């Protein structure tokens, strides 16, 4: 922390989200949090711990297990000018509320000719936990990012967790904030300035490098940075990591600038790559950087199976650091001649 | 039949009843014309008519105060007109023109007018219920003493969204009246073939919520019952279910002849009890003359003809505003860096077309 | 309390009651050990215990015939054991080993044994209800006179899937009994904070379906009521709701201390009426000696210790069978042409791993 | 129809689906059709017209409006060995049943260690009709194709409509058959042989060409073929059209063979291209054919907006022939030098 920097503090990703909620709840009466176990239980993953005592049951509203019902209630409340933040315990459960998110929230602005808006925020973690198995270890990020009318962000660091959640709450459109089960406990410096807002639609070069670019979001960025450090040591390669932060809009300008520099790129995601986020990245990068690429755009994600329970199978199926490192090496091995 | 009897002596003055007749006739004439225009291919999409249901539509809306909110399914022409949206704006919407109430973006199923508290016109069966529940929650948070009327059909009561919404509304005591317009069929499926409890209002008990059934073709009964339930919603935050028994004369949509699943006799029998005929008779009893009423019918014809002329004259929405309204002002800035590598033609079609830039 | 009184004179012989005691003790001991193993990090994922609910679990399964089918939520250890799945296969599944009942792919929430008519162990709240309805439909189509028991929790009755499933079951007269295990809480949410109608069995009336409530800690009452409802399901295709009132001693899952939303006193009070103590007293009254019963307890300890040993000895599932079971035999052929351009490492991880090639 | 060919008949896509249903219902007692309005109403789009009279209400089962409920009922029935064919009126309504499709049907085989299977078929049309507007004009094809555990097919011709529906019904895994609102009325030759089954996972070269490959599925293939004929005439270019037929598994071998020959490729879909089917095609093609491409892989789809109602806006937003033709020309214009 340099002398000129704004006061900041080291905290977990979870605490950074809580800080953002507390600041926005305090700033704007229209903001309220709604979801299963967000109050009395302090949140299934403790993001909202303590907020019930501070803001009361009207603003920290426990719901029945009825995702379709209370996501839709968020949509309706937002249409009347409220600023609901709906917590979905994990993204897997958003599948029972898809109709409200895709057929309703995402349609309102355009379908009604701009006559009414829907400033709704939905927060939910994606990805694998610790052997949570097939029904509880998914990432549907690309489905939402591919839906016109929605905005989708996925912070990878505590600072961005605070900044992007605040940006989402202040945005006048429906925004999905994708968190991650494993990232909650990661730590980092977080600005205490209550105007610390990370703009939507801006990627971040999380690590500078010259030989290859890794493009990722959310927890995959944490993995990417670890692999970059490891390969710098083991292979002496210099990897640049572009953390997308936003999936819709997508900041391809920043990605393309990096790829133009490194000529090689690996896209990493927690979810299944086929028809996933990394598919879109490959599609845009090969078009934007066709003349710059020395090798095909590569990608790594979760093995294309419903995630198995057994620890060894789960580890093998996830985009673990060994798999990411192997993909980096393979991408670097391809002689430019081949291109 | 378990319907509550019409109010002993009507709450309506002759003038009010006359005004209701005007509304009901306007709706009937408007939709008859809409069907004609649809068949002339000047209206597209689905076009769901409510001919036969006018007493329910006009009566329910009559019971609402200006501050109350309205949400409906896709069969919403009559509701929009009853709530005071001009026939011009509705017809222009059906024609897909800029001066339509949704600027040509929504069409028949997605009418709205937020100034009049009409929050749409939705097309997914029962999808509007959670939204209505949320509007009611917002009314409470904002300290308003208004209520929400949420229209749905008899087919919608079998969707999970019905269950989740009614439970939330009852649990949180939200001011919303769920109006089940029971016109006997969901497309070709009779109520008894879809709902294990065909007396739909009884389902309210699963949420410890009052549920009533009314003859939806008796405008006095509709107004009386709706008023009572809305008052309880406004004053005690008591949500309720109101089932209105009525009948749809035309097919499910203009594309459906409506004869595969019901008999011509059944339709004829219902038409013989046409709510328009009923109210017209009441007005004659009340001393109005046939000429008065014929004049009202003529005015409706003229009003609708004018609406068609207005719609024809209204401009098509400009193609370079394809994404108009999709995002809030300022969003263009957020999307500015998305262009590299975009699918062919995407810029012209989307990014340059009203991303609130 | 509106619970049906225990059958005047019990239907159970002392031998049968003794067998039930064995089952209930085995379940309790098994789960106590599972918690220990979880804390020793040899079991992962979520681990939901049913300690305190044994009378409901054992009683309901006892009322089932071999041909009946069982579907449950994720809190299913006790149901698997009661239905006769060996503790070895269950513990091996919790350990994630090849000899687990789901070969290590499912874990605690996804136990099953189709030979015993147990069709899983599901993790999405209320997601198992439509599936149970479909199993019942299949029983009817196949001319079988068996029935389905579908377990769910008190929190699941607020999901849309509950509503749609019960309506379908009633409308189509499907042989299924929806067993609502009301243990007072859904995670930290008390029933009254989640359901507008806290007497959950009453919701059956919305489907013109019988609904009953029983003291879930009274194994005689559970067996009597379940038997009656299952008989009606088998013989008259009459679906029903059975709400069993019981209590969960431990937290929602092993990760939850279970004290943030209820008092220590409340837990103690319920434990003072432990169904295991109750049935043990009944057996003593019936003339069994403490030594007999202590022997049963010891056998349970040994059986569970043996299950742990079995699980430890069972092999981990081979990583080169990552996709085992995902697709039917012959599917490898269908996927053979998908490899070009596949994501890095995909072949090794998926295509070469049990696509039924 | 050549002398050696099996007897075939010209019929609409809709009639071909009906023929497949009739044949399979007749062949296998376990097969039954379930959905809204499939019986008395003859089907919202008349695919099942007449089948109720022929097979009765147990096998042609009208349902309440409860997609989550009856899709799940199909899953359960399939687990017990039945062969349910569930009709969803349009793919937009599948959003209320996503949990049953993704969290349940797709998980069964793997999550239960191969102990039980789910031979379920879901049939549903995607795409735009005639001004059906934002909530009724969508295509979520990629969402399902990106879900391990599912198989997804999308016939473009009457012959494949029959062949792929039969293949789906006979398959032991859950299969989604994606039809299309506009393709129902298209006509073509359909083999009458009741063993006419189109294998899952095999693309079809629908038109041979040398200059550029169009890769598409469903109704987009109909558009592609029309554009190919038109440009052959107007510009004298030779376009090859690869009709995917299956989206999962995807037959990249056939696609790559064509691209290797033409060196230029345009991917077309009815839905939104971002994070869509064409994104996955771009990702795989650029990797499989990196050295063969003379230009970036291009794509065209629905404009990224909730589809507006107005006729002129709807036309502009859809991947109409003019837009496809313009994309073909732009792709051909790029000098190989540029690559």
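Note that the chains are named A, B, C and D in the order they appear, and that numbering of residues resets to 1 at the start of each chain.
We adopt the following convention: contacts are C-beta pairs under 8 Å (C-beta built on N, C-alpha and C of every residue); 3 or more make two chains touch, one makes a residue touch a chain.
Nothing here was measured: the structure is a model prediction, and the numbers come from that model.
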Centroid comparison with chain C (C-alpha atoms), farthest chain: B
Of A-B and A-C, whichever chain pair has more C-beta contact pairs: A-B
Separation of mean Cα positions, chain D and chain A [Å, integer]: 31
Euclidean distance of C-alpha centroids - chain B vs chain C, Å: 45
Centre-of-Cα separation between chain B and chain A, whole angstrom: 39
Centre distance in Å when chain A and chain C are each reduced to the mean of their C-alpha atoms: 35
Contacts with two or more other chains, residues of chain C listed in rising order: 102, 104-106, 110, 122, 124, 127, 158-161, 164, 167, 171, 193-195, 323, 326, 342, 350
Chain D, residues touching no fewer than two other chains: 64, 66, 68-69, 92, 95-96, 99, 103, 110-111, 133-135, 148-149, 250, 273-274, 278, 283, 286-287, 298-299, 304-306, 308
In the complex with chain C, residue positions of chain B that touch it: 158-164, 166-167, 170-171, 193-197, 202-203, 205-209
Interfacial residue positions of chain D with respect to chain C in the complex: 30, 32, 58, 63-64, 66, 68-82, 84, 99-100, 103-104, 109-117, 119, 148-149, 151, 171-173, 199-203, 246, 249-256, 283-289
Chain C-touching residues of chain A, taken from the complex the two chains share: 36-37, 40-42, 44, 62, 64-66, 68-69, 92-93, 95-96, 129-136, 266, 273-274, 278, 298-301, 303-306, 308-313, 316-317, 323, 326-327, 330-331
Touching residues (chain side chain C, partner chain A) in the complex: 44-46, 93, 96-97, 102, 104-107, 109-110, 122-127, 155-156, 158-161, 186-189, 193-195, 260-261, 316-317, 319, 322-323, 326, 342-346, 349-350, 353
Chain A - residues contacting chain D, complex: 68, 92, 95-96, 98-99, 102-103, 106-107, 110-111, 133-135, 138, 140, 142-143, 145-149, 248, 250, 272-280, 282-283, 286-287, 290-291, 293, 295-299, 304-306, 308, 338-339
